[in-house]
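Got some structures for you, see below.
Okay, so chain A shows up in both of these, paired with chain B first and chain C after.
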Partner chain A sequence: MALSQAAGHKGADSRLKKFFPVRKGTVIPGFGLSMGVTVTMLSLIVLIPLFSVFLTLSGSTFSDFWRVVTDKQTVATYRVSLSCAAIAAVVNAFFGILLAWILTRYQFPLRRVLDGLIELPFALPTSVAGISLTTMYSDKGWIGRWFDRIGVKISYTTTGIVIAMIFIGIPFVVRSIQPVLEKLNPQYEEAALTLGASRSRIFRKVVLPEILPAALTGFGLAFARGIGEYGSVVFIAGNIPYQTQITPLIIMNKLEQFNYFAATSIALVMVVFAFLLLFGINSLQARINKIARG
Partner chain B sequence: MKQKITKGALILVGVAFLIVMLVLPLATVLIYALRQGWAAFFSAVTDVYAVKALQLTLLTTAITVIVNTVFGIFAAWTISKFRFRGKQALTTLIDIPFSISPVIAGLVFILVFGRIGWANPLLEALDLKIVFAVPGIVLATIFVTFPFVSRELIPMMQAQGSDEEEAAALMGAKGFTIFRRITFPHIKWALLYGVILCTARSLGEFGAVSVVSGHLRGKTNTLPLHVEILFNEFHLTAAFAVSSILVLIAVVILILRNIVEYRVKREER
Partner chain C sequence: MKNKSSLWKKIAALTVALTSVLGVFTGCAGNQSSPSAGSDAESAAKPAAGTVSITNVSYDPTRELYEQYNQIFQKYWEKEKGQKVEITQSHGGSGKQARSVLEGNEADVVTLALEGDVDELQKGGLIDDGWVDEFPKSSSPYTSTIVFLVRKGNPKNIKDWDDVVKPGVEVITPDPKSSGGARWNFLAAWAYADKKFGGDEAKDKEFLKSLYSNVTVLDSGARGATTTFVENGQGDVLLAWENEAYLSKKEHPDDFEIVTPSLSILAQPSVAVVDANVKKHGTEEVAKAYLEYLYSDEAQRLEAKNFYRPSDPDILKEFGGTFNLNVKLVNIDDDFGGWNKATEKFFADGAIFDQIYKK
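Up next is the complex of A and B:
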């Protein structure tokens, strides 16, 4: 594919420029080749497979689709997935701001190590995280045991799902805020301090408005990840219908029953929701930036 | 004084959170892996199916990283060195795999190549098997990690501008020479950073692979899937022993990531 593009890339250049007009004349070569490779790979690996979702659903009526995606058990999974992911994202937003703050503003032993550890949820395979959390928080595990004594079960309940989603979402908020805090000049805080503002007031009035858009991005990413997450949640969830069944899991169950239509329909609902979420966060962010600029 | 108490309290809460949420799960894996002694540990990690699973995981990761690196370089070159209509749309399309559940990433390949897939008649005619076989696992992993390299390169190359490349082109350098001599030295650390992130995710991908794998031991079982099987069969020690290999790789990746990130930051300055 790449070779044939390379051979014909002079001709492809002019033809491609009709589709994607290059605005300013550039002398850098390889527009046709690199655009060709990019679009071809993107189509083969992402766009065409994704388009199959619509192709699969095109043969059936909207009422069939609606019946499947509003099925009682399926709606229960939306409720579990959304509420757990929302709680986890709120917890992560709080601890994310706190962690970003102490990691950029304070010096303490092992700070570098803890800073490097933040990305662990990205580096650790999700199934490993899943079995580890499940074992820790089961009624015989070394944290779950203490909660079991006061009658609180964590593994195989929604509490467990929330914990797994917190684990997977930690890096998003911290890493969104950290660069903003690093760039934020402490002189504004010092100015507020000399004007007699209290520490908490400085944080609310000076620091928080600066980091809010980044925190929102991190919140949105953590929320989206929580909704879609499978590996780390599936073990601790226990998969009890109407109680601890998450949406990715019901898609999996429908696939195992060879019910491709239902699996694809529910998948479409998830994809649409993920896009709406990202779109909503983006426009909210644009609004905040507009207010900040005045 | 009051300020010091606040600082101490904030650090304490933050560190406690990290220990409970990140350090304890890691420690759990290692402790359970060695719970029944070294002999049980070694028999679990040298088990023939575990070794086969590790081989498949490494093969998948190698192919994924190569494909995504090639794509990442071409995509970053297109987006950062040229101005064209639809650039924003192209960037958004490349980022799609980020916002899609891994289970759906696996599902779409079943819809293409599976029994009901539109490409299935062609596959049957050619006697090829993609889903529930190794090619499906590789494809799903590539899908999930598709934007990893390009996303690191694009901002870096946009910040560099294209003045140097234009000068080289005006002096008659060919495209590949420009990339090798001018662009590559600027982006090599960012590229390595993207490759590391891509490697980490490919090694550990579970959801997408789980959908297309078919779970045949010794054939289409990757290491993360092997962990799942062992755990569900109540072979706790074996599951954690195999996991500890993945933990070890994860820790090495984290250390590399930090070193490379430091170099990227220095390069940006």
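Up next is the complex of A and C:
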């Protein structure tokens, strides 16, 4: 079965191998088939829709595009989206490491419940999250009213946007770090302790280097998700131009006005942001891995 | 084994968490759910014998009205034709809804907030030219206007538009870029300013600028703005559709008051048969009747009970106790030269609305 398939796909295989060199004599059969399925699925679901963005723009000039994406109000939304997503991702990175640490290293009642709760932001419709958070954190809400007393407004400000982004981003960090921590044998830490290392030193020299690549991945994913998030943020953001308008909202606004060109142009900028971000994170990660390997 | 049990625990944990969060959410926000169309329209293509299905794509605040209207229409149609009608409702921001129809949501009829949104469907080839004259009163079976919803006792003493623009008054209104309702709000304020300053547009702009600098939350839709004001307690005054304002007051009689300004705008929501889709579904007759029946006495009274101003002047008078009939109403065609002109002048990119936010 495997043999005949390999023979049948020989031409395709050899062509593929030019681009994706496979170790000769691999014992796992079915590379051609699984690669074919993967590429088809990826194309249908990710690549083709993404390229349709470029296609929509192909009929118009670059100066039109540039005018739309550098419009003052639009630029203000980049600033809001990027800065809020960055802050949320940093908070998530710290908070996520802590959460993952607690979940893997300690036994306590309801640990499994907490573990399940981590995924809630994935499961919950984002608009539900947005409405609940807005209600909780408004100056009349259960949580927001306490902050209001010390003069801090959360809902309808950039702080609210950050909170919503933290909510939707946290699982990325926790779930990236958790498996690494689970594999990390506590014996290393114990060994370091017996050699007289301080606790903070153990964390910095033993634990952190191991989890840093995973934490970076989580950070990058949470960051990218924050930039693109619409559903939950529109409720908690005040949506005031130049202040609390996020980029996905302005894309929606352009669509509402049947301005497909402007919407797609700005969408393209978001695609580029996300790509650069993930590319940057991956390169950084590669460097760290290199250093770790020595 | 271990995996399996931990999976079950996770599911249990998730369920508990979900139900508790949902509980909080539903408790706070009331019933937000609505049947959405989309794929539902697929089933409408092949009506069973004796049953016909139509999809009505509408905008946010008409939820309650059409829930009730569908029932009386179903009764009427069964009596007339001996046929059962299934009606699928869909609600959302007016522009968004129009776009969903344009992009393939197979609506048989649209009942939208703005003439302009129906025009987009006409431009897209889904609705035949001249739809405005297909039904009486420019295809507006009911109208509404823009009023102020204020907190009980009217603590900021808001009587008219001049009070809304005073410093320190917090205003809630949706974004005219994305909400049909919000465009009426904007135009009502503009009309007031224009009359006050005798047509001096620079002063009108200043007036609108001070109005929007008082806006603390610019929701993307009318229902969202109502939730922000009513449920989340934001702002001192909500610029609202009259029907939304009355609905909120009905639900919370002790919390709110309605103030009708001296001048407002006649908001004419538009209804139309989506010609291309009804031809495909074979629902021309029932779709047309569905909209025509909106003008019947029974339906007009129902609309009035849902706080829409009925287009029949006699029935409107019957409800003189409900509606403030003294408010002076400008209208979009006579005072703004129609929606196309108004959109271009005020709401297009870089037009007046964008200018008043420019620093």
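In the analysis below, the second predicted complex is superposed on the first by the 245 of 294 C-alpha atoms of A that agree within 3 Å, B and C clash if a C-alpha of one lies under 4 Å from a C-alpha of the other, contacts with A are read in each partner's own complex, and residues count from 1 in each chain.
The definition used in the following text is that a contact is a pair of C-beta atoms (placed from the backbone, for glycine too) under 8 Å apart; a residue touches a chain by one contact, two chains touch by 3 or more.
What you see is a predicted model; the values in this text were computed from it and never measured.
In the superposition on chain A, contact of A:235 is made with both chain B and chain C.
In the superposition on chain A, A:123 contacts both chain B and chain C.
Judged by the touch definition given at the top, the superposed model places A:159 against neither chain B nor chain C.
In the superposition on chain A, contact is made by A:138 with chain C only, not with chain B. Within the superposed three-chain arrangement, the count of touched residues of chain A is higher for B, of the candidates chain B and chain C.
In the superposed pair of complexes, A:52 makes contact with chain B only, with no contact to chain C.
Of the two partner chains, chain C is the only one touched by A:72; chain B is not. Of the two partner chains placed by the overlay, only chain C lies in contact with A:253; chain B stays clear of it.
Of the two partner chains placed by the overlay, neither chain B nor chain C lies in contact with A:285. Comparing which residues of chain A touch chain B with which touch chain C, the overlap comprises 114, 116-117, 119-120, 123-124, 128, 131-132, 135-136, 141, 235, 252, 255. Considering their complex, residues 3, 6-7, 10-11, 13-15, 17-18, 20-26, 28-29, 32, 67, 70-71, 74-75, 77-78, 81-86, 90, 93-94, 96-97, 99-104, 107-112, 114, 116-118, 139, 142-143, 146, 162, 165-166, 169-170, 174-175, 178, 197, 200-201, 203-207, 210-211, 223-225, 227-228, 231, 236, 239-240, 243, 246-247, 250-251, 253-255, 257-258 of chain B touch chain A.
In the complex of the two chains, the chain C residues touching chain A come out as 6, 9-14, 16-18, 21-22, 24-25, 28-29, 32, 93, 95-96, 99, 120, 175, 177-178, 215-220, 224, 227-228, 231-234, 347-349, 354, 357-359.
Residues of chain A touching chain C in their complex: 71-73, 112-117, 119-120, 123-124, 128, 131-132, 134-136, 138-141, 155-156, 234-235, 238-242, 249, 252-259, 262. Put simply, chain A touches chain B in their complex at residues 2, 17, 20-24, 26-31, 33-35, 37-39, 41-42, 45-50, 52-53, 55-56, 95, 98-99, 101-103, 106, 108, 114, 116-129, 131-133, 135-136, 141-143, 166-167, 170, 199, 224, 227-231, 235, 247-248, 251-252, 255, 260, 263-264, 267, 270-271, 274-275, 278.
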